[in-house]
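The structure follows.
Lettered A, B, C and D in written order, each chain numbered from 1.
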Amino acid sequence: MIKVGIIGATGYTGADLVRLIKRHPQAELAILTSQSYVGEKYSDIYPHLNKLVDLECSEQDISLIVEKSDVIFTALPHGLSMDIVAEANKAGKKVIDLGADFRLDDSSLYEEWYNVTHSQVELIKKAAYGLPELNKEAIEKAEIIGNPGCFPTSILLAFAPLLKNKLIDPQSIIIDSKTGVSGGGRGLKLPFHYAECNENVKAYNLGVHRHTPEIEQELSKLAGDNVEAFFTPHLIPMTRGILSTTYSKLIKDIDEEEVHRLYSEFYADKQFVRVLPLGRFPETKWVAGSNFCDIGIKIDQRTNRAIIVSAIDNLLKGSSSQAIQNMNLIFGLPEEMGIDAPGMYL
Amino acid sequence: MIKVGIIGATGYTGADLVRLIKRHPQAELAILTSQSYVGEKYSDIYPHLNKLVDLECSEQDISLIVEKSDVIFTALPHGLSMDIVAEANKAGKKVIDLGADFRLDDSSLYEEWYNVTHSQVELIKKAAYGLPELNKEAIEKAEIIGNPGCFPTSILLAFAPLLKNKLIDPQSIIIDSKTGVSGGGRGLKLPFHYAECNENVKAYNLGVHRHTPEIEQELSKLAGDNVEAFFTPHLIPMTRGILSTTYSKLIKDIDEEEVHRLYSEFYADKQFVRVLPLGRFPETKWVAGSNFCDIGIKIDQRTNRAIIVSAIDNLLKGSSSQAIQNMNLIFGLPEEMGIDAPGMYL
Amino acid sequence: MIKVGIIGATGYTGADLVRLIKRHPQAELAILTSQSYVGEKYSDIYPHLNKLVDLECSEQDISLIVEKSDVIFTALPHGLSMDIVAEANKAGKKVIDLGADFRLDDSSLYEEWYNVTHSQVELIKKAAYGLPELNKEAIEKAEIIGNPGCFPTSILLAFAPLLKNKLIDPQSIIIDSKTGVSGGGRGLKLPFHYAECNENVKAYNLGVHRHTPEIEQELSKLAGDNVEAFFTPHLIPMTRGILSTTYSKLIKDIDEEEVHRLYSEFYADKQFVRVLPLGRFPETKWVAGSNFCDIGIKIDQRTNRAIIVSAIDNLLKGSSSQAIQNMNLIFGLPEEMGIDAPGMYL
Amino acid sequence: MIKVGIIGATGYTGADLVRLIKRHPQAELAILTSQSYVGEKYSDIYPHLNKLVDLECSEQDISLIVEKSDVIFTALPHGLSMDIVAEANKAGKKVIDLGADFRLDDSSLYEEWYNVTHSQVELIKKAAYGLPELNKEAIEKAEIIGNPGCFPTSILLAFAPLLKNKLIDPQSIIIDSKTGVSGGGRGLKLPFHYAECNENVKAYNLGVHRHTPEIEQELSKLAGDNVEAFFTPHLIPMTRGILSTTYSKLIKDIDEEEVHRLYSEFYADKQFVRVLPLGRFPETKWVAGSNFCDIGIKIDQRTNRAIIVSAIDNLLKGSSSQAIQNMNLIFGLPEEMGIDAPGMYL
């Protein structure tokens, strides 16, 4: 059994990690840390796990965590994982960072967008970008995983076949994403106060959201060219889910059926990506609670545009279950182990 | 592997049955019937099961269903299961009826409340009331299960220890339940139209809800006495979950700690009932997506009342996963097989 | 024009006061104070009032407020209004306190339930309980109004005709209320965080909610006898509205039609109470956005109980618009002035 | 007093019309028709209007309606208004059609997109497109108003200053709109069933939504050039509101401040359009319940794009209150009469 330590276990992403690891056939919870709830029973904080998880929250004692764990998940705000990752890496333990500290290849870009000095620039090279459908080989060999952001996950899977096949103008990309409120985490802020976000929709951080450089970095790798994308996230009144509606200009004369065939081929052996039949477009309800990414395709001959719509669960494929998918790859387990349950639809 | 036939598989209860049976270690889907979707792929109707369930919806050919199945789940509106159950029973197949046709011992009561003639009065005697925590032995031997209603499940588990220990006046019972909208099913009706039930709460069927005789029948068995209860369901703007707040008059001088001890003992070996520590009361979020029933206890010395609050997932413990719990018991499998996952909290 | 000062104008109750006073034909906004937003434009905090309200938030300078205002609304947490009310009263200005400081006649009860010393015990005698349908004459002459709590408003209007006509046992009262989340105010707390209260229902403060003594005080006045009530509030996932489902034991042999007639008579000249026809029960959607209280009546002969259901908008009839109704009475204006708009249903 | 007849008064748009006309200082309800509720009290169907609206629903007797009304609002599905409008027009009565029959100048385009033959092609010339901020003069003189669609209203107001000032490439337009569920009307359909659209977001009718030709027709007029736009509506889990996020390519070198100045000037005398300060973007909560359209501006120098975000209440500025704004203009009343209330924010 793989012993799992989770740092920052009481956020929403942490809660899903705990739930999933608890039932993973080849992993077990070794230690859970929290800043706010040290000494409290985890199941008092998340009572759905009552009778199932008996651990208490520990304080963040890195050497103890390293000692107890075979793999460490860090589910912390950006800037707080770097030194922990360094210490764990030094001790030879694998780390999967669900925050932003190991996603960007270029530390200066990180520092520009996150306003934090990166203290472990050398380690970035040891990190793999943890999107298994696009980067499996690197993940299998990596010591550190930079687990992708929720928006980037939905966006990269939408664009990969278009860019790999050089079908679109890499300067023409527009991304309009809609996220549920859980993406804002468990920290209290007015925009996530029930009465403020219920019955409301808004755009935020237009063109300046911190996932932008991550999106462009990975889109550029796919394109083999510099990609500039305009990204607008929206907050909508639901708990889980991201829907990304993406727009780009076709540069090849290609019809919808052919694009659909390319997507189907590209994802043929990727069990967690479901390319929908032409004419169908994904809904977040279809993927919520699961590790799936559903993708719908529209080619508009009139305006010569590709419109690709993707849906994921922001806390699962967009974070926790994708992290476990990475863990499975690192440890040579079947990729889907412990994360193959469908959602509940309702 | 137990071969499972589901009649009425495209309602919400059916959808949860399909999802759970699909992943049950000892059962497999043999045939799914539908009235509205004959010939369609099940996963086109419920796309969260895309890539997981390959069956098409069959028409309701009873002899074929009986032939293909070891156990048959009927998830139909009241009045429509009786004859199917009869035919299956004649062929020696077990039947678990998720509707109301085999819940009431007295067919005249059934006919009074449901305005339907019961065509299989003899079969009622072969049916066990499928609430495993209270009726396990009968279930294990039964040929037919009358799977409990969602409200009764939440209410009976709340009252059982009080009544078994004769702590309350059986004429003093008031039950105020709050249900999510999925309880209304997938059929289109104005009260379940989004804009009508969003941002709204209402009481309905005050004192005349069809679950009333079922509640009173089973409460009376627990009390060993005639129970009259006043039951008010409320519709609240959420999808899943029932919270029942129950009120009754104590007839013994007993303190909160002692009542808590009695509840804890009563449910000590019932893994799906979680008696909460004193001072804590359940929330539907804690049980949604699971087979758990969480119970909170308040004894008010001032007004001499017991207030017991219980929470379940109306579609799971209130219907589908409880039906599978019954199947497990009938087939001698571990009670929790295939239904032991916790909910997701969010 | 009546000059209106609002202390604590940036909470949810304050926001509705500002909106309503802005359009009141005989009143105008003179000064708005805030703790958190001093110096900011009010319409930057509540952008729905952009182009309509030009005031900035002032700091809480009591003498300035008193000077500028003919009437002062205090919309503050309990304990913070007493001294302000005293100073305004000394200066001869009317005060309508939307908090809890002037609702209870007995300061020791206040101190017991609110854990605060009441510094203005003498002033309590000058205060009228501001429920116009039950206490109009006292309100018209009062210098200070203790504006009722949201739950008590819904509950007192439900019970008044029953108790005035001595139809029920005053020891038999059970009240099960459901409130929208806005009742928790704009202050950030985990239970009001979107992802925590969306798709969830819970009971809270069972038997110990601070509105209990206020409810019992006013019910006792109506009964002319000591009333003990058990009150359970529930938090449900919607923004506005309270539905109170109340239960009590009849002590007279009376039928539903007669009770309905008594309610209709009792509220015949109260334009904001709508007694529904027998067989209909109120929904919060029918009153949200308005000053109405809708009431539905059920007499259950079988269990000899009266079940009265009432619905209000917690922020309006349960707070702000009721406060304006009180202002209208104090200043001799038509009771409905500025608060007679219906809600929007959707 | 203007006598108002409403045909199709029991849909959601009709309900808002009834509510607003009831309180309009210069108009009164003369007759309300319904297909499903003939003979029923209007306030039994919409109980928020109980005690306020006493009319019963009439059947659709056109000559009676024409006789009783000075102005007729038709709130019917497309295809059903044409002949009614013709009859009313012949009798010299003004008609405001809230459906789609008189929005498109070109009847063949109408027939192509709506699959209905237009039986009153001649009358189209007498109709003005009822977007008062862009077409006031024509409206004042019109006999018939084609009241704009909800999406087009939000989109045209967003683009008008950009196109009038020839700042953008008319072939570069992408529109990503998010609508609340009430836009689907009161008719029962699975996508608007609570459990289906709660906790869900989806794109629908990508590039083929029926508002597309209306959007392009009016955008082209603004541009003085042929505009091709790609329009994707999304259904999100809330009742009221539309947010449109629009993208286009700048063809002039212009900075954000200058664009903001142009918008401010363009809408300087339009009281219902609120151009937000730079850096702020609208939320539907700010406009829900009102006739306002709020607009936020982003100029992205990096990708040379203008991103304009607009918010309206789909049932009000997107339908009913805009219809009344048109009525006011036709009858020479102040444009804002009866529709100048702000929303409630919560």
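The criterion applied here is as follows: a residue touches a chain if its C-beta (ideal position, glycine included) is under 8 Å from a C-beta of that chain, and two chains touch if they have at least 3 such contacts.
Everything numeric here is computed off the predicted structure, so don't read it as measured data.
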Pair with more cross-chain C-beta pairs in contact, given B-C and A-C: B-C
Chain centre separation in whole Å, for chain C relative to chain B (CA means): 39
Where chain A and chain C are represented by their mean Cα positions, the distance between them in whole Å: 46
Two or more partner chains touched - positions in chain A: 12, 182, 195, 198-199, 237-240, 282-283, 285, 346
Topology of the chain contact graph, where touching chains are joined (line, ring, star, complete, other): complete
Of all residues in chain B, those that touch chain C in their complex: 171, 174, 176, 178, 180, 195-196, 198-204, 206-207, 228-230, 232, 234, 236-241, 243, 245, 247, 281-285, 288, 296, 298, 300, 302-303, 305, 307, 309, 346
In the complex with chain B, residue positions of chain D that touch it: 12, 181-182, 184, 186, 188-190, 192-195, 197-199, 237-239
Touching residues on chain D, where the partner in the complex is chain C: 12, 15-16, 19, 22-23, 46-52, 182, 199, 239-240, 271, 274, 276, 280, 282-283, 285-287, 289-290, 294, 315, 341-346
